[in-house]
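Right after this note come the structures.
Shared between the two complexes below is chain A, which pairs with chain B and chain C, respectively.
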Partner chain A sequence: MTSLSPPDTTASPAAPRPSSLPAGPWVGFAAVLALFTLLIGIRGGLATFLSVGNLEVLIHEGTIPAIVGLGMLLVLISGGIDLSVGAVVALVTVVTMRVYTTLYQQWGPVAQSSLIAVGVGVAVGGLCGLMNGLLVTRVSLPPFVATLGMFGIARGLAVWLAERTTLAFPDGATPGWVAALAKTSFANPGLWSLVLLALLIAGLLHLTVLGRHIYAVGSNEATARLCGVNVPRTKVLVYTLSGLLTGWAGIVMFAHSNSGNPTLGEQLELDVITAVVIGGASLGGGKGTVVGAVLGVAILGLIKNGVSLFNVPVEMQYILIGVLLLANVALNRWRRDRR
Partner chain B sequence: MTSPRLRMTGIRKSYGPTAALRGVELELLPGEVHALVGENGAGKSTLMKVLSGAEQPDAGAMELDGTAYRPDGPQDARRRGVAMIYQELAICPDLTVEANVLLGLESAAAGFLRKGTDRGRVRRALAELGHEEIRPEDPVADLTPAARQVVEIARALLTDVTLLVLDEPTSALTQEDAHRLFDLVRRLKGQGVTVVYISHFLEEIEAVADRFTVLRDGQAVGSGVVGQVPHDRIIELMVGRAVDEQYPRTPHTAGGPVLELTNLAGEVLPQNASLTLHRGEILGIAGIVGSGRTELLRAVYGLDPVRRGSVKVHAVVNSAATPVERIGQGIGLLSEDRKEEGLALEQSLSDNITLSRLSPFSTWGVLSRGRLREAAESLLRQLNVRHRDPDQMVGELSGGNQQKVAFARLLHQDADVLLLDEPTKGVDVGSKAEIYRLIGRLAAGGKAVLVVSSYLPELLGICDTIAVMCRGVLTPARPADQWTPEQIIAAATGG
Partner chain C sequence: MPRTVYYLLVALCPFAGGCGGPSDEFTIVVVPKGMTHEHWQSVRRGAERCAADLAAEEGVRVRVIFDGPLRERDAMEQIRIIDRRVATGASGVLLAPQHSKTMTACVERAAAAGVPVVIIDSGLADPYHYVKYVATDNYHGGRLAAEHLIRELKKQGKEKPRLILFRYAVGSESTEQREKGFEDGVKQLCPEAEWLSTDKYAGATRDSAMREAGPLVLQFKDQVDGIFAPNESSATGMVDVLRSQGLNKKVLVMGFDASKPLLQAIQEGDIVGSILQDPYRMGYLSTWCCVRYLLGEDVNEGRTQMELSTGEVLVTRENVTADSTLGLFNPDYQGRRVIEKPRFPKRVAGRGGER
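On to the complex of A and B.
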């Protein structure tokens, strides 16, 4: 028996990786920030771009995609995809307004009515996620198809429940917290909720058994099953959590828009998937971090913000985002192949 | 005499009409290394899936340490101390060593991982295996195949394992790593673990195993103590049957060379293959699954990269070519994977057959469906394919008829050099004879045929010359009548 195996392998089994580059999302963030600082600096608008006020705007606009992005992150790590999030956000705003208006008119107290409405709204998001999870596991639909179906159903339900209009608050009955959530400021509770949720999801992914299993299912489902991981339960939990997060994002959207509006959140799913993928998650599953996802949303926000401040046509932002996404994924692939 | 660790009696398992296990009896002793040998398709893997809980037997009983044993899944088997390391390593590439070892067995308090405790468990398991150099926090993606295998074995050792199954564990290992694995197996045996060792390589069995059992056609046909039974006898038990089936031959004579390979090597497999295929010749390539036969055909056809050596077709040397160029040179490939690669099962017979050569049936790029149908229908009749209509879906046909459709495509392509990978895989006996007759007719018509097959009697029955692939290296071809089945098996298993 002669040795016919590939050469190598006397070295230690885990050879140190060749100079590991700084994490992709940070590079992207720095690159985009540098680009706009330079461009806007040349034109002399730097004071606006780097002002505290502009940072507040950036964060305000990023809150909703970031909350949805946390859920999308879980789904992508588990090897799935969720196309329904934008439509679910719209449905949640409509349901919340319907429930609130009804309770207010039949019952009276603004605070209690609005809190119940918020609970129902978040629950509707969770329910949509649960349905997605059951369609993927019990009915064995591909996630793309299951959530594409849910996308249509949720959007249709939202339009139907809103009777094809935008639902406004009853006169003089806007709850106080709506204004607080809608304010462009560091003191916005929506932002704090994002920080809290990000910490929770990061903890879930890295400290709990469920988190470990979410990575395992996305990385190699057959192996996970062989090792006794309850794959269907893991997936149902992932989609339900994603739904609940989307539900909460819907509440924030409800406050931002000051209405129940079935046309909100259009293309939100594509924006969020783009952001999370730029943040290092993979559509193949098994990869992704909370920091990456949040940075991905920040990069997208920065591009939109910078393009508008730089006064170039708005279509430039689409091109920039597209190029960035492709460059990012190509770079990741190249780095992996080099190993 | 110690009581057995495991006793299997009358284990049966069928998949549809094919019986994979036909009443297997097997006895394993505590602290022994028991080799399971047999040809591809003899039922070794199925038997071990039954043992490790991945498959449920149709009939039969198992006893583990004297009590009834009927696992309802791999997890249940593990709880009873039975673990299996699959040939295709079961690893989550994105997770760390630690996470992989612990997968499904994490210690937790209220759902939170106890990382400190777990890291200790992983370190102990790796140390027990003599592989302290593997760091728990490293990603598995960075490990060598050998280290990944250690990770899997560590996973098995995390629970109290009393019976460990290793399915062809050295297939991805270097020589040196294989020796370290043997040491490991001996150490486990010293701790009283029973190890079932599946391998095609008799020398490996000689090196690590105490006893062996030979499986053939879903039955245990013999067992013994390693070292007391000569290799020839074991090979005889593996081959078993006489080459007595009907192999219709059409007289044909070899002409000039059309395909010449010189020291061909691919990415991983093959390592080194040289052969000359002549017009009107049927050349068979024997060898075990995974020895690099399919990869050889794929490299020749341009589906896999050629790293070294040369491919000469019709006296033109172009070693790196795309499938499009190869088809242009008159080469055709019949894939071993009919369902995934060979045929588009949801397309019609006519579309499948004519896909290989559409241009003569189109005008300015517009296809003439009628003429395509006619061409397909004439081939279907010529090959005696049982069908209703050339427009029906290929998936509706039986395996044998599907294979004939795949052949029809090669005929439509009008290839001069046919690369046939397992041409009778999943084909019933009747259709097999028809396929043999067809191959003979093609050779008689001056085509050059290269046949890869795992079924020895078939190669001996239809081929003019045979070469044997072992671990990526091809032996020189010899006339078929100068080989005995035993010699071929010996050459294929490096014995």
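On to the complex of A and C.
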């Protein structure tokens, strides 16, 4: 597949892949790209679709789901699921805006206000993740239930803290870094943070013991435990990491939306799970790669972008994404069973 | 896999029909607050009609793209759409901002990229980066509502009416203007009026309006004479509650905006009147201003005339079926209207450009 394919885990060796076929996500990506190139080519406007400007838009819009996707990837590999990410992103934007506004009113436009607000925002994300992890391990709740609960709590807290409205910056108090993060450009620091985080997570998964443990826990939890893997500790770490990544995505969202808005990130969790699964991760755990997850986000972004530029009714994007998800997973099944 | 690609292709083939026509001079993107509400469809028809008129009268080809968030009140998606359209070659943008403050940054980015933005429907907090604000004068609409309600109450001999102002939502600029206009109008016309309640909020939907209106009506049902509800959902929700308690026609309700149920309630006399906006004209005039700006004209007199009002119309039982009323929302009647177009001088260098 790629240089980032998962190493054989201590617990159960990953099933060898049929090397005669190109990997699923790449095929999906190429297919979607070819499809829209063809369709938009027929209609005219290909120059727009394949322009540098549009590439910048695609990458810009993909940054947030990709960062959340990295966290979701860790959780899915470990055999869990995290339904709370969308709500946590909203909570982070609200908390960040609250903290920033309070500090701004006391200290004025100083860098410390921004730094503390961002720090608190990311920490809130991490805390939610930690809570998820503890609920899954200490209370032995199924991840679906634990994170569904967190989903409600975070969304409710966000609405409450925002007093049911959208929080905007005080007049003239928008810090420069927010404008920089919101600008559609290859020089966007949010994009580069994504590149860095993707490399770090790939390194974590493939070069460290923790990474091997995550794959092991997801492949076969009982075997992993027998082999001496500290399963609860691994899981708590996974959810916390995912929470921190979601927290950082919340900061990027805060900048993109120029607000603290408790309604942000609705259905983000489903988008991200779809993307990561299209990218080859399995809800059964033990499978998935960073490249796949990022490609999955790119495929979804491409569909949304193509549908939008093609002036197709918006409904079409949901149908296309659904079809693609089913086709992709069915294909993976079929290839595995054929062996 | 090739088979999957094939199926996907087949699935999309119906959309590949209409081939690209001749290249357009200007592409104007209309970004409403949501896609579903009838209000925005009228805006869209107005914009398309303006494009047709421009092509017929002056040979200026304008392509109108209607692109908004699927869900009403999705500010993030609006920001995405603006950035996306600006990056992919829009000549101008008409934006109905979801939020007066959070949408400022993307308007600034569009202006920096040389794409003029005309704000429609609701205000934007930052006045420096758009070229025109085309909207209903909501404050004036609120005053009209006050005039009519007070007049009707006085007809019934109620010189000291007891009123309820049933507000819409915190932070919604347009409805707050209506509420303020109504309050000021009442204070001026009938200073002896008594306010029973001015601090209840209907919320976004008819359901939420009913939930809030229920206890309010129960509390004041023996005292209240007149109620103002500043938008469609709050008015219909209030009327639903009054009907269920048998108080319709006894308590006079003044609404704002229109929908089928609301117009029906006016015909039946459950609502004494409503102030209607003219979204068709809004779409028409905003497109007109945007294109005139692109043609190098000074649409705001060197940034001194930023606002253009599209008019507010009092609709009562008497005129609810008149052609002029139907022309506000009915597509057939809209198509027959002739919209008067403002004329602008050529832009002088250093004057009227976006900053």
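Just so we're on the same page, the second predicted complex is superposed on the first by the 319 of 339 C-alpha atoms of A that agree within 3 Å, B and C clash if a C-alpha of one lies under 4 Å from a C-alpha of the other, contacts with A are read in each partner's own complex, and residues count from 1 in each chain.
One rule holds in what follows: contacts are C-beta pairs under 8 Å (C-beta built on N, C-alpha and C of every residue); 3 or more make two chains touch, one makes a residue touch a chain.
What you see is a predicted model, and the numbers here were worked out from it, not measured in a lab.
J.: Which partner does A:144 reach: the first (chain B), the second (chain C), both, or neither?
T.: In the superposition, A:144 contacts neither chain B nor chain C.
J.: Touching A:227, do we find chain B (first), chain C (second), both, or neither?
T.: A:227 contacts chain B only, not chain C.
J.: Return first, second, both or neither, reflecting whether A:210 touches chain B, chain C, both chains, or no partner chain.
T.: first
J.: Is it chain B or chain C that touches the larger share of residues in chain A?
T.: Ranking chain B and chain C by residues of chain A touched puts C first.
J.: Once the structures are superposed on A, label A:257 by its partner contacts, choosing first (chain B), second (chain C), both or neither.
T.: Second partner only.
J.: Pick one for A:286: touches chain B only (first), chain C only (second), both, or neither.
T.: A:286: touches chain B, not chain C.
J.: Answer with first, second, both or neither: which of chain B and chain C does A:26 touch in the superposed model?
T.: It touches nothing on chain B or chain C.
J.: Pick one for A:218: touches chain B only (first), chain C only (second), both, or neither.
T.: first
J.: Under the touch definition given earlier, write down the residues of chain A that touch chain B in their complex.
T.: 1, 3-6, 8-10, 12-15, 17, 207-210, 212-213, 215-216, 218-220, 222-224, 226-229, 285-287, 339
J.: Quick check: in the complex, which residue numbers of chain B touch chain A?
T.: Touching chain A from chain B are residues 54, 73-75, 78, 90-95, 99, 102-106, 108, 111-113, 115, 131, 133-135, 138, 141-144, 146-147, 150, 155, 173-177, 201, 203, 268, 271, 471-473, 494.
J.: Contact residues on chain C for chain A in the complex?
T.: Touch residues, chain C against chain A: 1, 4-5, 8-9, 11-12, 15-16, 18-20, 35, 65, 67, 70-71, 73-76, 79-81, 83-84, 87-89, 99, 101-106, 109, 125, 170-171.
J.: Okay, in this complex, where on chain A does chain C touch?
T.: Chain A reaches chain C through residues 21, 27, 31, 34-35, 38-39, 42-45, 48-49, 51, 53-54, 56-57, 60-61, 163-166, 168-169, 171, 174, 178-179, 182-184, 253, 256-259, 261, 263-264, 266, 305, 308-312, 314, 316, 320, 323-324, 327, 331.
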